[in-house]
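In structure tokens below, several structures.
Next come two complexes built around chain A: one with chain B, the other with chain C.
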Partner chain A sequence: MSQTKMPSARQRRLRSWLFWAVPAVLLLLPLATNPYTQFIANGILISVLVTLGFTLVIGNLGQLAFANTAFFGIGAYASAILAAKLGVPWLLTIPLAGAFGALGGFLASSAALRGIRSYYLAIITLAFGELMRWAYLHAKPVTGGTDGMPMPRETLLGTSLSDDTLKFYIFLAVTVLLVKATLNLMRSRFGRAVMAVRENEVATASLAIPTARVILVTFMWSGFVVGCAGALFARHVGHVFPESFGMLHLIASFAMVLVGGLGSVLGAVLGAVLLTALPEYLRAFPGMEELFFGLIVAGVLVAMPMGLASLLRRVSPIFVERFYREAP
Partner chain B sequence: MKTFASLLAAFAVSASPLLAQDDAWETQGLTDDAITIGVMGPFSGNASSYSKALIGMMAYYDKVNAEGGVHGRQLVAVQEDTACDSAKGLAAAKKLISQDEVFMLQGNSCSGVAVALRPTIEEAGLPWIVAHAVSDSISDPLAANIFHGVPTGRANGRAMAQFVLSKPDTTNVAIIEHSNDWAHSYSNPARDYLEEQGVTPSLELTMERGQTDATAQVLKLRQEQPDFIIAALYEAETAIFLRDLKKYGMGDIPVMGTAGTDLENTLKRTGDFDTVKNYYVIHSYVDNLDGPLMQPWGDMIHEYYPEEELSTFSFVSIGSAEALVAALEAVGPELTRSKLMAALEEVRDFDTGILSDPITWTPEDHQGVKGSAVAGFVDGEPTVLKAWGQPY
Partner chain C sequence: MLMQLTLGGLSQGMIYALIALSLTVVYRSTTVVNFGHGDFVMAGAFLSYVLVVLAGVAFLPAAVLAMIAMFVLGVLFNRGLIRPVRGGPHIGLALMCIAAGYVLRGIARMVWGREVLPMPAVFDMQPIFLGNLVITGDAVFIIGTVLVLLLILFGLLAMTDLGKMIQAVYQSPRGARLIGLNVDRFNDFSWGIGAALGALGGILVAPVSLLHPDLGASFLIKGFAAMTLGGFGSLGGAVLGGVLLGLAEQYAGAYLDSALIEITAYVVIVAVLFIRPQGLFGRKAVVKV
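What follows is the complex of A and B.
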């Protein structure tokens, strides 16, 4: 039985206030950064969205699906192709990339909807990711093949979009919006249905909850969030290459989900911040970076199997998420 | 008039911080006794073996430092890992430029990363000498601060075709390649050169990666009986192709391969000298790796990196490091970034003593190395060649 104390009404109000206070403080971050640290901060925001989308499917919905990197690549390429080939302003490509990511989610969910589960679903969704990477490599007229797809130079309100500070504000706005939307979604009746599917799909169906629709929409929302992150990534690096969407990216994202806490939005944020910033701090130890990274990930998971979010839950009920699984 | 003078004075005062900023930028990363150079490479990850390509350059810096530096300044390398990943490479570049505030950049393996870095480094404006990555897109179109110090893909492709046509009476040339960009980066410039010389490839074939049999391709070639075959294939597939070529009695047709294959490694793969006796590969150096002309460079690397196991990669960045030092010497003690870039653009026919072709940088063209030598077996010995039958 869960011993977790739920937050009081006052604590919920404080939590709501905190949600807006953190990004408000972050607005001041560019005053304390240089182009390098700003670039890392921008990367962290992208990782937050990627991890958020991932944890929705494997943590909240409980499906062992690994199509996350495919959604990310689809979003990045959609943004780059729309901007470079069709002249669509990059800002507009963000929701469009999200829509393409959602389409990817629709395709990935088709396996789950056919009753494929567990390791079989994992293999099929992994194959989907590799298939997408094959497409990026070989659809050269559209994707640029191994040469990749450069983002066109663009300005917004007279400032170049290569400016990391301007990008930060855009990335921050998109991240806050999508995190808030996801939190709202998971606190809704639909969110409770997602949790019910995770706990027992047959029992959920017996309550007249359309489990197929729940699975489909969760995959599509995950694809939308990660697709938007892909559009941000395309502008972040300025040139989209197939190598960016391989197995290494998937493993890094999975580590972020686990370290943060499976199925926790707060955990997605914490995992993304820690595991995106950490390799940069480890630059000072050439050759030891991978070792330290592995040790820290293993250390966190051994000490806190439910991730960093579980630590905060113990500190204060403010950090308790209703849709967060209590025990593995 | 008085008002105008006041305005002029006010402008001068207000502009002085800007001018000071320019002066500061010109000498950023420079002290009386050190020049800091940002060196980016894949020191971790799947492609970390490419970081060997920066060893020669680092050893050359050490040698110069041991001899007193350049105008009393030591060359201080600040290394950053790109992991052959564009996002990580961008972070490395931004760190070197804005946090470490290096004077210039030199290095970079992994063409994809270097291409992704180009806009950031071009905008930053500091000198960048590319010492390993070969993609033409890094330095073409021209960027004022980006200099390519190794033969690009285009230079290598053209060198392949030049060698093929240097064989007397060669008019019938066939091409076999993988259907990927790596292969096209060699075959397309080679094809262009052939067309310029009035030779249209008589047969164009593909052999996919991982293919373990080339019988179909070889049978087509047997019908055509070309004078020379250009093979843009990876080493494993090259060995299979050469094996099948010999099997069907066509082992006497010379085959021209890319820099992605090594002559002696290909011999090891086939295990049969007759199979590779007519195989030639692009070779960017003046001698075989164990030849007398390369010996001093190998000794230099081992002096500073005793554990280094020498390979083709170990030497590739030395030539551009030499050209840099020559330009730094030419500028004199009053060094600035603009003066260095101007001096680099004055480098003409610079004989590095290690690269087979000289380095020339002009204001109109920063792709410094325009050709490559070729290595092949002559009288059973691996030999570096300028052209067909002409030892280097």
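What follows is the complex of A and C.
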């Protein structure tokens, strides 16, 4: 276990003040953006949630589960189908998409709970993601097949929901809410149980902690967060395609998790902020995205295995969340 | 019809067997599952394409050269990138392999863009007609090559001293080190062999399919499915699992629905892991405290 200094009471107060200061400043961001940078800023908020959900399972719970892309796709399709086919207002589809994501999390954890761990879990969750993509492609009447699903036009308080500034405020609210909730969850007794399962599952069970329930709930919460992100994504791009939920999305999420720091909420935010915008500029050159993310992941693993969050922790105890290992 | 499907399934299955076997070789000796293996397969196919089409080398020497190049790449990958993260949890190793795969894929796409390339036919043999059955040169070539290779490999393992040493490393790396075997070098060797065999899979499918930088992903999943079906870590199981998967794909595609060919492997993975996680020939995993 780490010998990191824990923050003092004063630093903890400063930290909770800082937590609200960041989104408060961000409220002014639309004043400083043009339509393109605003679009990217919205994408960053979505990445924050995706990375957060991912780091919970692979960093905090320490399970090699790659179903994250599946949760994201499930959330996006749930939102698009509910909005386009059943006429549910998009805002309402966000928690519903989260619920479907949580259902995906339940399915993924049912594999983990059957004792499928480590590489087996990685393989079965990869298969799960690809099966979902196959389903999007082949369930044409429901998902639109290769043509995807367009999001219906909607207005909110007299403003069109295709307005990026309005979207930004909604995305920001959802992101702040879910990040705060996750932080609180990980600081609770439950969060400590999650990390205990990562360190030694058998020892944790011997302390009368229901490890199966801990795994189940973590997967479901991860699925919920990422499912909500999927609903935001559906509105963000306005059209849901099966290709958005393939392998490139997976490696991008890996890179964000690792650069920020495995198992750190702050790291998830940092990684998403740093790595969402950059590929936009690489997209024009074929192959550069893959090369870039591949090299980043390999480089971070060798040089800085616990990511940027571990550097920040050394700078000030303010950035200490709880219970880190200093190696992955 | 049934015979034709069986032949098609066998020749596909041999490729899967080869890929599953190459994954198993690495897994058994180093306990690393190479999640970037599909891209090694792709790299083998592209290297042979470059040598045959652009450099004008004949197919056989091109295949050998490509395999040697991939052997070297496998060794370098193990030394340069896997060793620094060894000893850590599985997640670091898995991510490192995935990262390496993406780098290979990125390079392929940088050079070729989003094109899909056809490889010229290698084996211009007149198909043989046996009643309704059509035997193509490609099928003969694929099945023959893999069978010969399997005989050599399993013969080496079972009958030579080298094979005994490799089996010793498989059983217990620590024990093997204690009796004076250079386990690190064996690991390098396994990575090299794994990469070269995977590349051979790519080289063999190249003439019968189209080349594109994403071709590895599906082969990776098929390799996993074959390994899972045969029993993770069992060499013979990997081969048998690959053949069974190839047959299952063909039968499911013909008798049920052609869209099922793509997902047979996924269904196999999910079904086997839920019903019989140890596969056909694997040993049941026991958690040691």
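The definition used in the following text is that the second predicted complex is superposed on the first by the 299 of 328 C-alpha atoms of A that agree within 3 Å, B and C clash if a C-alpha of one lies under 4 Å from a C-alpha of the other, contacts with A are read in each partner's own complex, and residues count from 1 in each chain.
Convention: contacts are C-beta pairs under 8 Å (C-beta built on N, C-alpha and C of every residue); 3 or more make two chains touch, one makes a residue touch a chain.
What you see is a predicted model, and the numbers here were worked out from it, not measured in a lab.
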Chain B versus chain C as contact partner of A:Ser244, first or second or both or neither: first
Partner chain(s) touched by A:Arg114 [first = chain B, second = chain C, both, neither]: second
Which partner, chain B or chain C, touches more chain A residues: C
Which of chain B and chain C A:Pro305 touches, first, second, both or neither: second
Which superposed partner A:Glu289 touches (first chain B, second chain C, both, neither): both
Contacts of A:Glu280 with chain B and chain C, given as first, second, both or neither: first
Partner chain in contact with A:Ile123 - chain B first, chain C second, else both or neither: second
Contacts on chain A seen with chain B and repeated with chain C across the two complexes: 286-287, 289-290
Residue numbers on chain A that touch chain C, as the complex places them: 58, 62, 64, 111, 114-116, 118-120, 122-124, 126-128, 130-131, 134, 138, 202, 247, 251, 254, 258, 262, 285-298, 301-302, 305, 327-328
Contacting residues of chain C [partner chain A, same complex]: 33, 35, 81, 84-85, 88-92, 94-96, 98-103, 105-111, 113-114, 213-214, 217, 221, 224-225, 228, 232, 259, 262-263, 265-267, 269-270, 273-274, 277, 285, 287, 289
Chain A - residues contacting chain B, complex: 34-37, 39-40, 43, 137, 140, 145-148, 150, 153, 162, 164, 233, 236-239, 241, 243-244, 248, 279-280, 283, 286-287, 289-290
Residue numbers on chain B that touch chain A, as the complex places them: 43-46, 79-81, 84-88, 90-92, 94-95, 97-99, 112, 115-116, 119-120, 123, 135, 137, 180-182
